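Notes to accompany the following structure.
In order of appearance the chains are A, B, C and D, and numbering begins at 1 in each one.
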Amino acid sequence: MRKILNDPNSYVHEMLAGLLKAHPDQLGMAGDLHAIVRADAPVQGKVALATGGGSGHLPVFLGYVGKGMLDGCAVGDVFQSPSAEQMLEVTRRIHGGKGVLYVYGNYGGDVMNFDMAAEMADMEDIRVETVLVKDDVASAPPAEADRRRGVAGMVYAFKLAGAKADQGGSLDEVAAIARKTLEHTRSIGVALSPCTVPQAGKPTFTIGEGEMEIGMGIHGEPGMKRESLQSADVITERMLDALLEDLAPASGDTLTIMLNSLGATPHEELYIMYRKAAELLEAGGLSLHRPYVGRFATSMEMAGASITLLRLDDELKALLDAPAASPFFVQT
Amino acid sequence: MRKILNDPNSYVHEMLAGLLKAHPDQLGMAGDLHAIVRADAPVQGKVALATGGGSGHLPVFLGYVGKGMLDGCAVGDVFQSPSAEQMLEVTRRIHGGKGVLYVYGNYGGDVMNFDMAAEMADMEDIRVETVLVKDDVASAPPAEADRRRGVAGMVYAFKLAGAKADQGGSLDEVAAIARKTLEHTRSIGVALSPCTVPQAGKPTFTIGEGEMEIGMGIHGEPGMKRESLQSADVITERMLDALLEDLAPASGDTLTIMLNSLGATPHEELYIMYRKAAELLEAGGLSLHRPYVGRFATSMEMAGASITLLRLDDELKALLDAPAASPFFVQT
Amino acid sequence: MAGIGVAEVRSSLARVARALAANKDHLTELDQAMGDGDLGITAGKMAAALESYVEQEPPEDVGTYVAQAGMAVNRAASSSLGTLLATALMRAGKEVRGQHELTPSDLARMLAAADTGVQERGKAKPGDKTIIDVLHPAAETAVAAVAEGAAPEVVAERTLRAARDGRDAVTPLRSKIGRAGWIGERTEGLVDPGCEAGVIILSAILDGFEETA
Amino acid sequence: MAGIGVAEVRSSLARVARALAANKDHLTELDQAMGDGDLGITAGKMAAALESYVEQEPPEDVGTYVAQAGMAVNRAASSSLGTLLATALMRAGKEVRGQHELTPSDLARMLAAADTGVQERGKAKPGDKTIIDVLHPAAETAVAAVAEGAAPEVVAERTLRAARDGRDAVTPLRSKIGRAGWIGERTEGLVDPGCEAGVIILSAILDGFEETA
C-alpha cells in the first residue's frame, strides 16, 4: 500500500480534522466531523444545497462546499455512504428557510440513506427535494438510464444549481436547474490502475500494466472490457464516441467539457487528451466553452481519467460562468 | 507504463498544444510552443517575471503564468531544461520596459541555459536579474546551501515576487522580494513510488511497496535513506524536524505551509499530514497563516508529498494574500 | 404464555450482535464474490453498535427501544445492508410503539413492517435476489402461521424455514439490484450475501424466542 | 600546408555527428551509472541537429559557421552537456569570427576559448570530474604544442592523448558537479560520461584534421 496514513480506521476522521483545521474561515461542522457545512451556514433566505457520499473522491464531495456551490456535505467512510443521521445534521444546519436540495450520485447506499434523511427532515418541516446524478453512460444502456451511476458530471450540477440558489432561485427553480443540467450531462471514464481502500489494505481490483478498462466506475465497478492500453488519441476518441452517441448534440451546439484525472494521471496527460477532444468536437461542428482540466472527482491514487460533456444553452452558460469559491474550486 | 499518451517524443508538444487550446484567454506562445507567455504580454510598465525548467511538474512551471504571478515560462522536455533560445524568446515577449526577473530552480542545465539567455538578453538591452530557488534542505547540508535544489518552495517566490511586480515594484525591488522569500523558505519531500519519463518508458528508479525515501528529489534524486514506510504522523514529524532545524523560527513567528502531493498521493492524505503538522507547529508556539494543501509541484504520477515552510513578516504576508489568477492557481 | 418484554428483546438484539460478529469472515467472502467485499466490515460495525446499545438501560417501551436500535445501526454502518437493517428495525419498532409487551402476533406484524419498509427503502422486489427474498417469505409465513393459531415454536420454525428456502430459491438467479447488479451473469449460482445475513439474523432472533416463548 | 576552410570544418562537424550517434548506447550506460541516463538521448539530439546543420550551405565565415552550430545544438539538446557543447562551439566560433581559413594555431585558440567558455558557463573546475577534465588538458596541450612548432599531426596526437589521460585521471575521483555530484562516493571508479563524450568528440574532430592537415 503506497499510502501516507496512520490507522486505516481513522483515515477519514483525520482527513476531516485536517481539512477543518486548514480552512476554518470557509468550512465548519454540524456536530459531527462527518457533517461538513459552510462556515457561514445557514445562509438565510437562500435555498440550501447538500450532497454526500463516500470519501476517497476529493474534491468530490465536500470540496464543492462553498460560495456559489454547496452549503453542506455528509461524508462517509472511504467508498461508503454516510449515515442518514449525518445527512439530517447537515440538512438542519444549512436550512435557511427556503428548503434544501439534495444532489448526489445514484448509488444504493447513498440513495437509501438520503431518502431516510429526507423523511426525517420532512418530520421537522424542512422541505427537501432530491436530484440524483446518473451521468455515467458506461454503467447502463440508454433504455436503463435510470440505473446509471453518478460520476464527475455531478460537479456541473453542484456548480449550476449552486449559482441558481445564489441568485435567489426558489427550491423548485434550483432543483429544475439541477435536473436540466444533468439531462444534458454525460460522462465516461477509463482506468489504468486500481486504488486501495485503506481498511481493505489491498487494491480494489487488479489491472495489469499496459492494460486499460474504458467505462470503469470510480469504485472499480466493471466497465466495457479489459484491453491493452491504447494511445491517448484512440482512448479519447472512443470515450467521446460513447458520450456523443448518448448526448446526441446538434452541429452548432455549445458544450463545456471536463477532462478529469482519477488521481494519479497527471495534468500533462489530461491536456494531451484535451487537445484531441477539442479537435474532434470542433471537427463535428461543436463549440467549446470554458473547459475544465484537472482533478475534480477522483478515486484516490487511481490512474485514469474521465471525460464529461455538458450541452449549454444561454441559461446554463451564464450559471456556469458565475463566480464560486471553495477551498478546492475557485472561479472568478 | 500506466500513462495516457501518444508518441513519447510528442508528449510535451501535445501537452502544450492542449494547454494553449484550453486557455487562449490567459495563455499564448512566443513563437515556439515551448515559450509560454501571458496572453496579454508584454504588460507595459511592469517588471516581467520568467521561469522555466523541465516538463512533468505541473502546475510547476507554466501553471503559474498569470495575473499577479509570472509573465512567461520556457518549457523543456520532461525533466530537461528548455533551451537558452526559448528562454530568450520568452524574455523578449514579456519585457514591458522595466526589466525581467528570472526565478527558477537550481539545476545545472537550467542555470547554464538561463545564464546564456541572460547574456543574450543583455546584448539586446533587456536588463535581467536572476534569483535561484534552493529550498530543498535534503539536497545539501546548511554549509553547502548554495548547492541545494529548487522544489515546491519556488511557488512562494513566484507568488510573492509576482505580487510585488503587480504593485509596481522596480526590478531590484521585485528581485529583493524573491530573495527575501526564498531566504525564509524551506522544503523537503518524501517519495513512495517512482514516475516514468515517457521517452525512457520505465520508472526513473525503483522503490518497493511499503518503502519510502525521505528527502528524495522531484526527479528521483537520492534522499536520506530508503526505509520501511512509516505512519503519516511519523513522516510528518520527521519532515518538519528537518525543516525547523534549518529554518529555526522563533516562538511567536508566523509561517505559511504548503502540503504538496507529488502526483498520485491524494488530497485525503495531505490533510492527514496537515492535521499533524499544524498540531506540531502550534505546539511549538508558531502560528499558521493561509495554508496551501494540494498539488503545486509534482513529478507526474509519483506517490509522495512535500512540505514547505515560509516564515512571514508583514510585508511577505500582504504579498502572499494578494490576488492572483492563472489556469492552475486562483486566489481572490 | 407470558408476553415478550423489553428484557427478551434486549437479549435477542445481543444474540444478533454475536451472530453477526461470528459470521464476519463468512459474509466478507460472499460479498467478495459478487459485491465489494465489505459486508464483513458492515456486520462487524452493526454488531459493535448493537452490543453497546444493549449495554445501556432500556426504556419500558419496546417499540421505541427497537426503533432506536435502528438509529444506532445506521449511525455505525451505512452501507446498503446496514441502512436496510436500520430501516427494518425502525419500522418494526414503529409498529409497536408504546407497547411494553409483545405477543407472537405483534412479532409477525413487526416482521411484515420490516419487509415493507425495506422494500420501500431499497426499491427491490421479491426475485431481485436481495435480502427481501428472505424477509418477504419469512414475514408472510409468520403472519399466516400466527393467524392459523400455530404454537410459537411452530411459528418460529416455519418462519426460519421460509427464510432459508427463500435464500436458496434465488441462489441460481442473477442479481438485479445494488453492486451485484452490475456484475450480472457472474452472480448466478452464488449465494446472495444479504440473504445469508438475513438468515443469520432471523435465526439469532427466533432461536432465542423459541426458548423464551 | 593549406589553411583549413569551411569545407573541412563542415566535414568535421559531420564526423562529430556520426561519432555521437554511434556512441548513444554507450553514453546512456555511463550516464545511467552516475547520472539520469539521458546522455544517449542528448547525444542523439545533438547528432541530429548537427547532421541537418551541415546539410545547409555554409557561409564563408568559419567563425560564424561554428558559432551557429552551437545555437543549433542548444536548440535541440539543452541538457547539461548539450548546453556546454553549444557554449563550446559558440565561444570557439566567436574566437575566429570573420576568418575564412584557420591555421593550427587558430584551432588551438578555439579549443582554449571553448575550455574557458565551458568553465564560465558550468562553473566546474579541473578536478571536479566533468568534461572540463578532458577539455582543459587538451586545450593546454594543443596551445603548447602549436607554440613549440610541432607538426599538425603531432599536435593532434598529443591533444588527443591529453584528453584521454584527463578522462582516466579523474575516473577514480568523486564527482563534484551536476547530477553525479548528488551521488558522491558511488561515482568513484566510474568513467564520467561527459569526459567520455569529450574524448569521442575530440577524436572525431582531430582524426579528420590529422588527415586533412
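The working rule: contacts are C-beta pairs under 8 Å (C-beta built on N, C-alpha and C of every residue); 3 or more make two chains touch, one makes a residue touch a chain.
Keep in mind it's a predicted model, so treat the numbers as computed, not measured.
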By the touch rule set out at the top, what is the minimum number of steps from subunit B to subunit D? 1
Which contact partners do subunit A and subunit B have in common? none
Which chain has its C-alpha centroid at the greatest distance from the C-alpha centroid of subunit B? C
How many angstrom lie between the CA centroids of subunit B and subunit C, rounded to a whole number? 57
Geometric centre distance via CA averages, subunit C-subunit A, whole Å: 33
Taking each chain's centre as its mean C-alpha position, how far apart are subunit C and subunit D in Å? 82
Touching at least 2 other chains, the residues of subunit B are none
Among all residues of subunit C, those touching at least two other chains are none
Chains grouped in pairs wherever the two touch, ordered by label: A-B, A-C, B-D
Along subunit A, where are the residues that touch subunit C in the complex? 76, 79-86, 108-109, 112-113, 115-116, 139, 147, 199-200, 204, 217, 219, 221-222
Would you tell me which residues of subunit D are touching subunit B in their complex? 36-38, 41, 71, 74-76, 78-80, 82-84, 86-87, 121-122, 177-179, 181-183
Partner subunit A, residues of subunit B touching it in the complex: 1-6, 11-12, 14-19, 21-22, 55-56, 58-59, 63, 190, 192-193, 209-210, 229, 231-233, 235, 263-275, 278, 291, 293-295, 298, 300-301, 303, 305, 325, 327-328, 330-332
